[in-house]
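Below are two complexes that have subunit A in common, paired first with subunit B and then with subunit C.
Take a look at the complex of A and B:
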């Protein structure tokens, strides 16, 4: 493995983005387009009694109204990834905002008016709106346990026993949820901002009882995914059905207000942690039970332990998980889905324990390092968390911190708090395939598995191709998220780089070999394009596929069928994790107690950094997201009505630029020696993990208040 | 969205005439940043829009005479960015700067601003009759009372409605004893900005005292040296682009450290722009100390009636006034 750092390159799509030229799925122009609007249920649970569409049909421009009667009966067995029912239209209402009809019209305005005029009555049923509702059904998941946590805690010289709460939150990327479906010449083409084009292909085909072979899905560029677009969404098959029934292209862009009920979201979760240490300051045992809200048949697991079990060398761990099944749409993945809430809670508990022991929070963490995966004793592929902590402490100036809460002040009298926390995320990988074609006309085309949603995967792939091959960068086309170009796999969990960058490296290697074989010793100067021209080859193609460590051909088969083909973080010979340390300064105003975050230092160990510029962006974005999670964002539930109350960007409060101070990012940059040929792990998720804890720990340092429920708001400090 | 007619008259008389002619379902529209929003939420369903932005001369900012005069069509950003206003009446320009976003301030007018409607989540998000709301559906009840009321008012509430009057600019205007000039079918009149707003009482759906077809043509503010010692202090859930949790418009007349005159109005906490005369009285004739400033702030909330989640607004509101007083007084020292 070469270990030279990759050079800083601009984002491959930067020029297009700043000019507004990047085409997102909803931007794809299709002639003859019809526009659609969903009609959401106003009740939280029950059954449609009557559905009157006459008024809506009479709106000029309305072409057709789809109701539950327009869908084939669900295929048996009714099993769809993390859905309460097949994502179509139904008479049974499982959650507020569930679509009950679709209005299709010649214009968006007519569709909108038509949707307003669809009149439904419902037979309502009692519902559970929160985990605490009487009708919530408690369900225990299989625990993660090793060692003897009970005994370790009984013997500990110091323990903390604390409960933390993370609220329901919605992703709210700028790109709205949308689907465009085209039914022409016996093929169904779906344009959608998705993280899993092949998943859509398979599932929509199954729902509509058509052959997946006639379905193409294209996700050209996603305007923010973060897990919201990870699985087949509620609207996709509905729009596809409309296009097939009408024989014309149909486009839906859902209004922001509907997304709060249509989209997946981060469930409200509670984290009860008992954590013990011995006299020497070593953490010895953890008893940690996390419970979360769950929909009646949702499958987002209440498993919050992949991170906390491996953050430190703690040998005794009991990790429980509970679902409270209630009447909402299914919760799902939202950036660092389990690790963010888990490490918020766990890293705050660690801070509380360090304070109880009178230990410095950085030293305490460093002293609890591990070289093996405590879950199973496997070696870690690479681990530089301690370097992240010590380098971060140095950059931040941690040594100037006075530990006593409330002991530091800014010039304007504000209380100053400095907090630290670690973050961790599994390094995961999927099977991939790729085709690299270089042409004599100067173009290069690389098609592969996985999707671009702004995380910079194209830039990372481009870095490998451009470093390894003499080709024209301006004519390099990297095609992602397109089932007609390559079988697609869900792009999530920070596994994009780990999965596809080594694939690109393999393609480079094969291409170089193929070229030198073709040249057969002849010396032809110039770029590969010129070499091909010189030997009269219009183009040269190599095809490669790559598996993660321990994966076999079955994974490739799953990839080709649009099924989950992910491995890790436990591989046959090692466990692979990414790490980060965050250092945060907060200032709390002395009178009105506004909380500000003037600066952050984050140092990550994500293996080798393939694309320095987008990597720094990932970490900044992660910290901003964590700031939002810690101090701003909550989706509110009024238990009397069910569903979610806030439904726009004014009342779902995300951070603004003025909220964010300086974020100084650094990387350890040590290649992972065993995970893959390039030495990369993952970054996008770990970037935010722990940062919320660092903020809340800093607030404690500033004020002496342990705040255990997110978001922390001004009233909590008055 | 329902179809509507749309015209752009060129004079105030034409606009008022067009309104009368259009009859039922007519609305004036200026920047549209409130009205279009409410139309999308199906709260407003106008049949006729009379766009006043082409009315000539309605965007002038005038400063001769003994009053400042802002044409109703002046953009929020234009008034906020006026250097004289910024220097002599920081309370006015800050109230505008701290509202909305630059894009919105470029579109929105200082006249339309006075007539924005509450951000009560049950009001805005209750399309399809999900939440009872007396403002949306008179007599249906109030979901906010006994519900998620963190954002709700603590002053001027009634059993029927606790919705906050959301604007910042009206609060500053009420502190500065501003008036509006109105042209209607029966001719023109002028009224104090404070009198534009009703308390919710039993009829929270009636928010303003303008008669049908009455158009705001200008806002006028009596000139005062208190303008210099003024500020609009706004506390919100993030550093920009959010409505106030609590805010205070303050203007002082000082003799040394002694308060000779004080004007205080509050936002984010009341059902209408709220003049806090109790707080003013605490100050007048006394040396302004942090303790006195806090006492004044607390006096403003003596009659507060908090709900379940918004009791913090009384304490935060009092401290907001405290800080505003110190900031305003400090402007005399530089």
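Take a look at the complex of A and C:
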């Protein structure tokens, strides 16, 4: 494996993005387009009794109103991925905001007015809105356990026993969920910003009972995803059906207020943690039970233990999980879905334990290192968490910290708090397929599995191609998220770049071999394009596929069928994880108690860094997310009617520019020796993990208050 | 998160309503079945599409968009953002909320930054609109656009046209004089990817080049 650092390059698609030239799904021009608007249910549970569409159909410009009668019954058995209502229109209402009708019109204005004029009555049923509702159903999941946590905690010289709460939150990428469906010449083409083009293809085909072979899905650049777009949206098949019924393209851009009720969300979760250490300052046992808000048929598991079990060398662990099933749309994966809430809670508990022992929080973490996966004793592929902690401490100036809470002040009298926390995320990998074609006309086209939504996957692929091949960078086209170009796979869990970069490296290797075979010893100068021209070859193509460690041909077959083909973090010979250490300064104004975060230092171990510039942005973005999660974001459930109350960006408060200070990012950069040929691990998720804990630990250091419920607000400090 | 793949389920392929073979026939049949078959005629291309429906409250406006004069009949309810995106094929301005809460739709009217989603299209009658598409001079990027690339002041890029239009105005207003001031005056533009550090650095850099720092 070469270990030379990749050079700093601009984001490959930035030139288009700064000119507004990048086409997101709703920007794709399609002649003859009709506009659609959904009509949401205003009740949380029940059945549509009557649906009056006459007023709406009379709105000038309204073309058609689709109701449950326009859809084939969902195929049985109904087993859709994490769905309480199959993604179509039907009369049974499982959650507030579920679509009950679709208005299609010649203009957006007409569709909007039409949707407002659809009137419905419902036979309502009693429902559970929150975990504490009488009708909530408690369900226990299989625990993660090893060693003997009970005995370890009984023998511990110091324990903490604490409960933390992480609120319901919504992803809110700035791009709204939009679907454009075109039914022409016997093919259905769907344009949607998604992390999951293959899933859309398969599920829409199934719902509408058409052959998936006639469905093409294109996810052009995605305007932020964060897990929200890793699903088949409630709307997609509905829009596809409208386009097929009307024989004209139909576009829906769903209003954000509706998205709060249609898209998945991070469920509220509580984390009860008992953590013990021995006299030598080694953590010895954990008893950790998490419970979460869950929908009636949701499948997002209450398993928060993949991270905390492997963060330190703790040999005795009991990790339980509970669902409270209520009447809501299903919760789902949102950036660092389990690891963020888990490491918020766990890393705050670790801080509490360190303080109880009188230990420095950085030294305490460093002293609890591990070389193996405590879950199963496997070696770790690479682990540089201690280097992250010590390098971060140095960059941050941790040695100048006085440990006593409330002991540090800023020039303006604000209380200053310095906090630290670690983060961890599994290294997951998928099977991938890629085609690289270099042409004599100067163009290069690379098509592969996975999607771009701002994480910089295209830039990372470009770095590998441009590093290894002499080709024209300006005419390099990287095609992702397109089911007509390559078999697609859900892109999430930091496995996109991690999976595809080694595939690109393999394509480079094969291409170099193919070129040298073609040239057969002839010396032809210039770039590959010129070499091809010289030997009168219009183009040269190589096709490659790559499996993760331990994956076999079955994974490739699953990939080709649009099914889940992900492996990790435990592989046959090792466990692979990414790591990070965050150091945060907060300042708490002495009178108003306003909390600000002037600076952060984050040092990550994500293996070799392929695209330094976009990697830095990923980490900064993760820290901004952690700020939002710690200090701003909560979606409030309406206990009277179900659904969410603060369903817009004025009331669901996300971080803005004035919230964010300096974020200094560094990487260990040490290639992972075994995970893949390039030495990379995932980054986008781990970037966020632990940073909320570092913020809350810093608030403790500033004020002496242990705050255990997010988001932390001014009133908690008064 | 690896434990629960929410992915495509196995497809039982016995009950297909439309197979590849009969897709062509179905395509014809559904068009015929549509009770609004007349509307199925192909429209002309998207650029300056005719208003496809007669409305009670139609307006004719004359405006300049990116230096080009335009006279167009609009639905009085249309926002400037929807006019740009859906009728004029200027899709650089983005819809992120439609409520004036995110800034993704920021454009300039007579040199001032506005949320085009909150601006009725009728209001730009007699005014000059500048969108991201009109910012660069041909192939030469505006210094702000170049600075956004240099400082990687973006990730997904969806908020970026709005950020850049707001940033250019921020400098012109004289509000780019310090990092704190930039942060404050750029807080109407949400970047969910969290590119704020890069955005501030880009504006500082471009402001110096624009001579207004």
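Keep this in mind: the second predicted complex is superposed on the first by the 718 of 718 C-alpha atoms of A that agree within 3 Å, B and C clash if a C-alpha of one lies under 4 Å from a C-alpha of the other, contacts with A are read in each partner's own complex, and residues count from 1 in each chain.
We take it that a contact is a pair of C-beta atoms (placed from the backbone, for glycine too) under 8 Å apart; a residue touches a chain by one contact, two chains touch by 3 or more.
Quick caveat, the model's predicted, so the values are computed rather than measured.
Visitor: In the overlaid three-chain picture, which partner chain does A:564 touch, first (subunit B) or second (subunit C), both, or neither?
Guide: second
Visitor: Mind working out whether A:645 is in touch with subunit B, subunit C, both or neither, as first, second, both or neither?
Guide: first
Visitor: One more residue to check, A:718. First (subunit B), second (subunit C), both or neither?
Guide: In the superposition, A:718 touches subunit B alone.
Visitor: Check whether A:592 is in contact with subunit B, with subunit C, with both or with neither, and answer first, second, both or neither.
Guide: The answer is first: A:592 touches subunit B but not subunit C.
Visitor: Looking at subunit A, does subunit B or subunit C touch a larger number of its residues?
Guide: If we count touched residues of subunit A for both partners, the winner is C.
Visitor: Using the superposition on chain A described above, determine whether A:655 touches subunit B (first), subunit C (second), both, or neither.
Guide: both
Visitor: After superposition on the shared chain, which partner residues are touched by A:109: those of subunit B (first), subunit C (second), both, or neither?
Guide: It touches subunit B and subunit C both.
Visitor: Identify the residues of subunit A that lie in both the subunit B contact region and the subunit C contact region.
Guide: Of subunit A, residues 109, 113, 255, 648, 650, 655-659 contact subunit B in one complex and subunit C in the other.
Visitor: With touch defined as at the start, can you tell me which subunit A residues reach subunit B in the complex?
Guide: Going by the criterion above, the answer is residues 40, 42, 96, 109, 112-113, 116, 255, 257, 591-594, 596, 632, 636, 638, 640-641, 643, 645-648, 650-651, 653, 655-659, 713-715, 718.
Visitor: In the complex formed with subunit A, which residues of subunit C make contact?
Guide: Where subunit C meets subunit A, its residues are 1-13, 15-20, 23-24, 26-27, 30-31, 33-37, 39-46, 51-56, 75, 77-78, 82, 85-86, 89, 91-99, 101-102, 104, 131-133, 135-136, 141, 145-146, 148-150, 152, 154-161, 164, 182-184, 186-200.
Visitor: Under the touch definition given earlier, write down the residues of subunit B that touch subunit A in their complex.
Guide: My answer: residues 1-3, 40-42, 119, 121-122, 124-125, 127-131, 143, 147-148, 235, 237-243, 245-246, 312, 315-316, 319-320, 322-323.
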